[in-house]
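Please find the structures below.
Each of the two complexes below includes chain A, the first together with chain B, the second together with chain C.
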Partner chain A sequence: MRLDEHLPALLLALPLLGAFSAPLVGKGSRRWVELLLPVLSGLTFAVAAALLHRVSVGGTQLYVMGAERAGLALPSGMSLPIRIVLEVDALSALMAASGSLVAFACALFAVPYMRRFSGFDKFASLYFLLVAGMLGMEVTGDLFNFFVFLEIASVASYGLVAFWRDRPEAIEAGLKYTVVSTVAALMVLFAAGFLYGNHGVLNMAAIASRVDLGVADKVAMALLFGSLAMKAGAVPMHMWLPDAYGEAPSCVSALLVSVSQASLYGLFRTSFSLFGLPRVAPLLGWGLVVLGLLSMFVGVTMAIVQKEIKRLMAYHAISQTGYMLLGVGVGLVASLSPARMESFGLVAIGGALYHVINHAMYKGLLFLTAGAVYYSAGTRMLDQMGGLARNMPKTASLFALAAAAIAGLPPVNGFTSKLLIYQSSYALSPFLAAVGMITSVLTLASFVKIFQSAFLGPALPELSEVREVPAPMLAGMALLALAIAGLSLLPGPVLEHMVMPAARALADRGAYIAAVMGGGM
Partner chain B sequence: MTGSMPYVAVAVLFLCGLYMVLFEHNLFKIALGITVMEASANLFLVVLGYRSGGGIPVYTLASREAMVLPTPQALTLTAIVIGLATTALLLSLVVWAYRHYGTLDIQQIRRLRG
Partner chain C sequence: MGAIYTGSGYWSVGWWILFAALALAMTIYFRSLGRGDYKVGTEQEEFFNAGHPVPEDPREYRFPAASTYWGFTRALSRYYDFLFAFHTGFLQDYVALTAGVLALFGVLALLV
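Here is the complex of A and B:
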């Protein structure tokens, strides 16, 4: 038995171990939990990085839970993939690595940030559950298992959004999020039921190989598409998102960005791997494009009028999600003809997936800097801040880096991925690229406004005592800043070794099916 | 013979729950609506696996006749447990909302806007 064969299971086992041991460890002393949270999160990231390496060298990893083979062969020769499998292809591994890096950075940040509040062991427990749910959604190859991990992530995030239960707003945001999210998760369960009733299997690759687009399949497709778009925060099903991101503790908001991306991953898998047949590909593709355009434009216009820093960033998260939906939608529309796929379809998907990891990093960093400002200055209202760059120079420069990235200024990573999306969507229709560019300009305007009103200008007398945040918080932010720097300075290698393999894995429906169904099934 | 009646029951239950979630103003009734929807999902799964006149799907008791599908029952058990967790959490949030706002009417619990 070699350890690296068990990396997919280890990736889920580590955060689950953390979730259930944190309350026990917390019986001893808070300091032990403060050690456990970053150490286990760091280990989880190490496992995800190792898994990413293994997938890029050895191809898709199939891990069968509790058995050697995925299938059960009957004496009659009939064979069904009945076991729970984890199917980790280049896309899953990339999403898991990016999500667990953000989780590690936020864990470092959380240790001093949450010190003003009691119940840190419960916080750590929910945090680990959230990470486990997110990673599980990204690596599982079983539809019901996907629902279970979706619910694990959801239940943990209800608790974390309403964590500051003494604030009425936090409870209100938590309630809204819980109702919307539970209904969405039930839709996923219904979809799993429809597909099981129709095909008798729950393995996603097996379902994909049997999909015939009858009525039951179409109902399941609509349910999955709608509920996962809702969980990803696409306009017009976005109303819960600014409340939830705005009211959660900052270290959680930063991670929730990555958790929503796990739903986005589910949406992409549904559109490509499960139902990506030529008959419905244009419908699903244009559906994604329309959701993307709406999200980009509505998100950014709502962001401009916000006065509260985290709510503003949450609306920008909606608008950035729009770019990813647009890119993948363009890719799905292009997938009908091999020539278009080669000329711009793959580039569009690659750009969108590159934007997914870029967004996880810079939006995570933005939420953490907002948390740092709240920690030191004690306010989240932009009109009560001013001149903070004098007292918090490091936070100010980290914010400037992340703001440049989200606005897509040329040397920084947000520019590269947006350029890929512009180029490829222009090939489909110039209108799409135009909306993207207008959104980008408005994003820049909005972040210039925050930087100017919070960090520049005359120092406010009531903020003269403000100090820079403690070292672990800076370390968490610096980790994400390093990731942004790496993604900015090495776009070539990142694209070639990480992003484009993921794009090809998403586009290649046959390979996803063959990884499970190959070998006689 | 049960025919398609169970599926009609699923649809009726689901629509009742959805109506409650969408149109009720009382938070407690919304929480109830969600449990009704969960019940309809569980019923749906069990009905999917039911085979008229089927036997118990246990290997040692296996007869030659048709058997009820065991997988949906396992799924339902999991879904019930998850439903329990979400309902408990939802109700505790409702309690906290009542403590803060002194009402359960969603039209008066509206500090987050825009």
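Here is the complex of A and C:
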């Protein structure tokens, strides 16, 4: 048996093992759970990295549960896949590697950060479930399983958002997120039902090969598009996000960014791989562009007036999602013409996917620095902070790096992906690039505000006892800072070997279908 | 290694760092030229605080986050009034907005 054939299944098995073993291990000692959380998260990242390498060398990987061979999608005599199929192409593998790296960094951070609170075994269990749900959404090739993993991630995040249940605000945020998210998940289930009723199959590649854009298909498309845009935090369906991100423990907020990106991945798959036919591509493409513009501008203008550090960052998460929606939307509109696709469409998709990875890293780091500030200073209100750089120089430096990245200051990674998005969206309409640039300027203004309010100025007497956070928390933040440094200093190799293969995988609907409907390996 | 092409442009992280270092060196040079006019013990030593008086006790010299960009938000007050009214915090509004967007997109999808 070759272990590398089973990497897709292992990617899901490891966090599930953690989720079910954490309460048992926790019966012994909290220290065992404190060991389990980072170790299993690190192993999950190692598997995701190995899978990314395998996909980059060998192309799309299929994993068929219960088949004679892992890659056998269509046994002899079968015209449709009936088993659960995991389909890992360059986009899925990149998303999984990015998400699992953030999960590993957050796990390191969480160990000391959550030490002041009881119920760490329950926290770890929910954390692993959240990671399993996120990764499952990114590697599954089955629409019903996508719904199942979406629900696993959602249910885990309800508990984690309201984990500090002594705070009424956390309970309220958890409740709101539960209701809104359940509505969205229900719509995804309805969409799966419409498609199954129409085509008799739930495998996404098989559905894509049979889509005829009749009434049932269009209703399913609208339900998937709207509900996944809501789960990704697109304006005007973003209201749950500042509450949820703001009230969750910071290590969870940082991970929720990547979990929302799994919904974004689902939205992109829906728009390209599932329904990306010329008849509806303009509607889907311009739909993404409009949601992107609204998210960018409303998100950043709401962020700039916030006085609570995590709510401010949460509104920025909405704003940054707008860039990704814009880039992929421009790519989808351009896909109608091979010349435009070659000229700027693929660059737009590449820029958006580069931004997805960048955002996971720098927004993850920003939320962790906010957690470090809360851990040491005991407040999240910017007006109650000041001069923290004197006692927390490492956290301040890491915040400055992440702030430069999100603001798109050269030479940091946010600049590279934004440049790709600006130049490609300019080719479609200069207005799109102008909104992007204005948003970037306002983003810089927001983070100057945080840096000035929290870290600069004279030390406040009430914060004189503040000290730097423990080493594992710094290690979690440093891991993401290293990723930012790599993405900043090596844009060429990152783009050539990771991002553009993912962009081509997303744009090539035929290849996505053929990987399964061709019968597999 | 650090260079990428965007289709209509070019970005090289190595060249950028080189030019940034050059700009920094020029800035330090120009700043050093200006120091000849610096007169110790005159008003040139005083802080300038956007026209506001500077407090005697440096611990009082703070610029709270709530005051940052006051002019910006004031100038866009009508836009912000609309935004704040839009963000009600009521759960039923969250669900209604989601349902509204789903319905709108459904209608558009059926029309194409």
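The rule is simple: the second predicted complex is superposed on the first by the 508 of 521 C-alpha atoms of A that agree within 3 Å, B and C clash if a C-alpha of one lies under 4 Å from a C-alpha of the other, contacts with A are read in each partner's own complex, and residues count from 1 in each chain.
The rule is short, and it goes like this: contacts are C-beta pairs under 8 Å (C-beta built on N, C-alpha and C of every residue); 3 or more make two chains touch, one makes a residue touch a chain.
Quick caveat: nothing in here was measured; it's all calculated off a predicted structure.
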First, second, both or neither for A:461, with chain B first and chain C second: second
First (chain B), second (chain C), both or neither touched by A:247: first
Touching partner for A:493 - first (chain B), second (chain C), both, neither: second
Which of chain B and chain C A:202 touches, first, second, both or neither: first
Touching partner for A:179 - first (chain B), second (chain C), both, neither: both
Chain B versus chain C as contact partner of A:383, first or second or both or neither: second
Partner chain(s) touched by A:298 [first = chain B, second = chain C, both, neither]: second
Winner by number of chain A residues touched, once chain B and chain C are compared: C
Chain B versus chain C as contact partner of A:35, first or second or both or neither: neither
Doubly contacted residues of chain A, that is, touched by chain B and again by chain C: 175-176, 179, 183, 302, 305
Chain A-facing residues of chain C, complex: 1-4, 6-9, 11, 13, 16-17, 20, 58-59, 61-66, 68-69, 72-73, 76, 79-80, 83, 86-87, 89, 91, 93-95, 97-99, 101-102, 105-106, 108-110, 112
Residues of chain A touching chain B in the complex: 82, 144, 148, 151, 154-155, 158-159, 162, 165, 168-169, 171-176, 178-179, 182-183, 186, 189-190, 192-193, 196-197, 202, 242-243, 246-247, 302, 305-306
For the chain B and chain A complex, residues of the former touching the latter: 18, 21, 27, 30, 34, 37-38, 41, 44-45, 48, 71-72, 75, 78-79, 82, 85-86, 89-90, 93-94, 96-97, 100-101, 109-112, 114
Sites on chain A touched by chain C in the complex: 175-176, 179-180, 183-184, 187, 215, 218-219, 221-223, 225-227, 229-230, 236-237, 239-240, 279-280, 282-283, 287, 298, 301-302, 304-305, 307, 343-344, 347, 351, 382-383, 386, 410-411, 415-416, 419-420, 423-424, 426-427, 445, 449-450, 452-453, 457-461, 488-493, 495
